[in-house]
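Per-chain numbering from 1; labels A, B and C assigned in written order.
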Amino acid sequence: MSGPEAVLTARNVSIEYEVDPPVRAVRDVSLTLNRGEILGLAGESGCGKTTLAYGLNRLLKAPALMTSGSVTFHDRSGSDIDVTGLDGEGLRAFRWDKISMVFQGAMNSLNPVIDVRAQIFDIFDTHRRGMPRRDKQARAEELLTLVGVDPARLSSFPHELSGGMRQRMMIAMALALDPQVMIMDEPTTALDVVVQRGIIREIMRLRERLGFAVIFITHDLPMLIEISDRIAVMLQGEIVEEGTAEEIYRTPQHEYTKRLLSSFPSLTGVRGDFVRTGVSQEGLR
Amino acid sequence: MSTDAVASHVLEARNLVKDFHLRSGLRTTTLHAVNDVSFSVAAGRTLALVGESGSGKSTIARMLMKLETPTSGRILLDGKATGRRGRELAVYRSEVQMVFQDPFASLNPFHTIVHHLERPIRIHHPRLTGAEVRARALELLERVRLSPAESFADRRPHELSGGQRQRVAIARALAPGARFIVADEPVSMLDVSIRLGVLNLLADLQREENLGVLYITHDLATARHFSDEIMVLYKGDVVERGPADEVILNPQHEYTRTLLAAAPEPENLGRLRDEVRAELGGL
Amino acid sequence: MADLLTAPADTTHALAVSRARRTLPPLSGKLITGIVMIAAIVLFGLVGPLLTLDPRDAGFDPLLPPGPAHPLGTSKLGYDVLAQVAIGTQGSLFVGAVAGTVALLLALIFGVLAGYFGGAIDEILMLLTNIMLVIPGLPLVMVIAAYVQHTEGLGALARSSLLVALVLGITGWAGSAVVLRGTARSLRTRDYVAASVVAGERPLRVIFVEILPNLVPLLAAQLIFGVIFAVLGEAGLSYLGLGPTGSITLGTVLNDAQTGQAVGSGAWWWFVPPGAIIALIGTGLSLINFAIDEIVNPKLRLAPAAARRQRRARRSGRGIGGEEAIA
């Protein structure tokens, strides 16, 4: 296999919320996502990771505004697309086709009044106009099988599905157009840990088979270490550390990374000094 | 230890059962949320109740707090049966308190921080003067390390961070002078880097006050580090119980093993990827 | 690790927005317009009667168009229209205020108690509420008003605006009760209510101290609705001859205008002013209600402002990228 090849490059991206005074949510962030790689974006609430994800996808909601930087998508075909310069038809063709997203709170991202089939067909109607119904049905069934859900569930409504199944549905919809990049924002946070592991395993299987890259956003650093190829740690709008999963786990450099790591007690190791025997004072938080 | 001492300073749940009747159109189904669960929380010790959603752990918490009536079973405090109304309930409430999961929902946005502490103090110590009540409330704020207490007292909940609100919730649980605390997922909605701080605070207070703590969580790692004993719940049944280290390092029941295998473990870095590759490579 | 980590908001966006809310002025255009309108009308109703001619003096020349002696002309029977409209405004506002308050108190009792306690109390209170809802409002008011006004022994009270106000209040609470019940039910499940129950608070204290303060915007909106319906309801009743004929309200003035063939004789100065004031009362109160809605639901207020800010920032060259960011 040849060396890593970039599929998405972000350079010096800054995003501001235009309120008074303006809030700099993302400060001069540069990041490279390689083809087929899982990049973990770790951070706590307010660090800007979700804002950054929305910015990469051109999904920023007023009053957010990208104030500087460039986002470039390196297509499979060899051409480069300037994401920030896209407009109208170009943007519509780009969205979901090249980069798709699984949102936080996927439970609430599905339309409760129409069945799953209609929602998947909606994607094809928007991005592949003129696709015959037979093909749409075939592809929808294929997608559900891909994510491990019985194709008969196409007729179900979202409330009839369990949390885990809804999540798989969201992933199936994100895969519908065979994107090269998938951005997942806390996709498993609200799920039970057993269901979570099933979904993670599914994502990794799909990655092996279809070759897309993933930006996986979460606060759960141990999970990221288990599954990511590379990890970037965000704090207050900046990336404070970046490296392979192994580097971040074994040799963290930045204070914040170390602090994050030490916030997760080990399940199997020796009981640490924070066991109920008296402990160093935590700062006022 | 004499039998008297064994029965005293213990909050015990015996054979708790809770069924919910759900109506769906014309049919009624019964949801067996809790199936014959028994346990005891002793002063100075922490019992962890570990389970996923649907395990019944929240229902058990609500029954212990007398917010739900058990379908059958009893709750005993210091060996004596506890009532559901009047004087008995008031006494029970002064001994057993709760820390709620959501720091943003468990404080009334309309009231000041000190109000949240003063009310329980007033209810359970009606003879104190206004100044004494306030002094106690401020003292509680200091104990949960919200210092200087005066600066926090008159603020409203939305002015505090999640971690600070949870500390207020802990202070409120201690306000009536409780000896037993039911902590229902006290840190799962907090930022990761402040969770241990809040759990450590709870542990310190437990030591200082010799509290009995029931720690309800889905996180095995913190359950292991912060409790003496763990009880694993699955769909309303207790599937495993034992000393914390035993249950974690030497699980007996299959469900416990599944839970442990599913928890993220950084030491396994890369293993999932290799497994998946091997699986697909074999196709 | 300063603000962004310790801030109570969940996300950066929410943080930005909540900071904005503190710096935005609480008064919007709607609120100011509504308040000004209502204040002007209330002032007119309170002070006007002190400055105008005697509304009950029928000694003037009938059907005079507006002129220097009678700014709004005179009616068919020789009453000064301006004086009648002024005291009529006072009368209508009185009915509106009393009826609105009575309706709100009843809605509070039936709605909040039912919502908080649930169970048997809920069933009984809701049964009564549903009965009140199902019975058509205006016919009910008409029947009660007609009955009461023909009862012996009530004397002057029978035809007074106080009685009409009470009747309107007693028949108008059901809709608000349902809304309050729904909100009380959802507030009952909040953790802070459970927390105060666990702390040992008695139920009535929980309702007053924990739940009611959070209902205040909703109560204000329901009160305003109540006042609007009472004013319009009274006008309707009076138009049908069932109103407080012992008093003068905007409705009675309209009724007189109708029976006096004001439209036929082209005496616009007689029926346009009272109608206009009724319409203005309704408009002003509705504007205040919309403003309260926006305070309670910040998304309504902040979304257009947020989009405006983004546009302004883009125009000043701060933004990069195409125009189609999702708003």
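FYI, a residue touches a chain if its C-beta (ideal position, glycine included) is under 8 Å from a C-beta of that chain, and two chains touch if they have at least 3 such contacts.
Everything quoted here is computed from the prediction, not taken from an experiment.
Chain-to-chain contact here is organised exhaustively, every possible pair of chains being in touch. Chain pairs A-B and B-C differ in how many C-beta pairs are in contact, and the one with more is A-B.
Rounded to whole angstrom, the centroid-to-centroid distance between subunit A and subunit C, based on C-alpha atoms, equals 48 Å.
A separation of 32 Å divides the Cα centre of subunit A from that of subunit B. Mean C-alpha position of subunit B lies 46 Å from that of subunit C. In subunit A, the residues touching two or more other chains are 44-45, 285.
Within subunit B, the positions touching two or more other chains are listed as 161, 163-164, 191, 193.
Counting partner chains per residue, subunit C shows two or more touched chains at residues 5-7. Listing the residues of subunit B that touch subunit A in their complex gives 46, 52-53, 145-147, 161, 163-164, 191-201, 203-204, 206-207, 218, 220-222, 224-226, 245, 248-249, 258-273, 276-277, 279-280. Against subunit B, the residues of subunit C that register as touching in their complex are 5-8, 18, 190-192, 194-201, 209-210, 213-214.
Contact residues of subunit A toward subunit C in the complex are 16-21, 23, 25, 44-48, 50-51, 58-69, 84-88, 91, 235-237, 256, 285. Partner subunit C is touched in their complex by these residues of subunit B: 65-67, 90, 93-94, 97-98, 100-102, 104-111, 119-120, 123-124, 157-165, 169, 172, 175-176, 191, 193. Chain contact summary for the complex, subunit C toward subunit A: residues 1-2, 4-7, 9-13, 15-17, 19-20, 23, 303, 306-307, 309-310, 312-314, 318-327.
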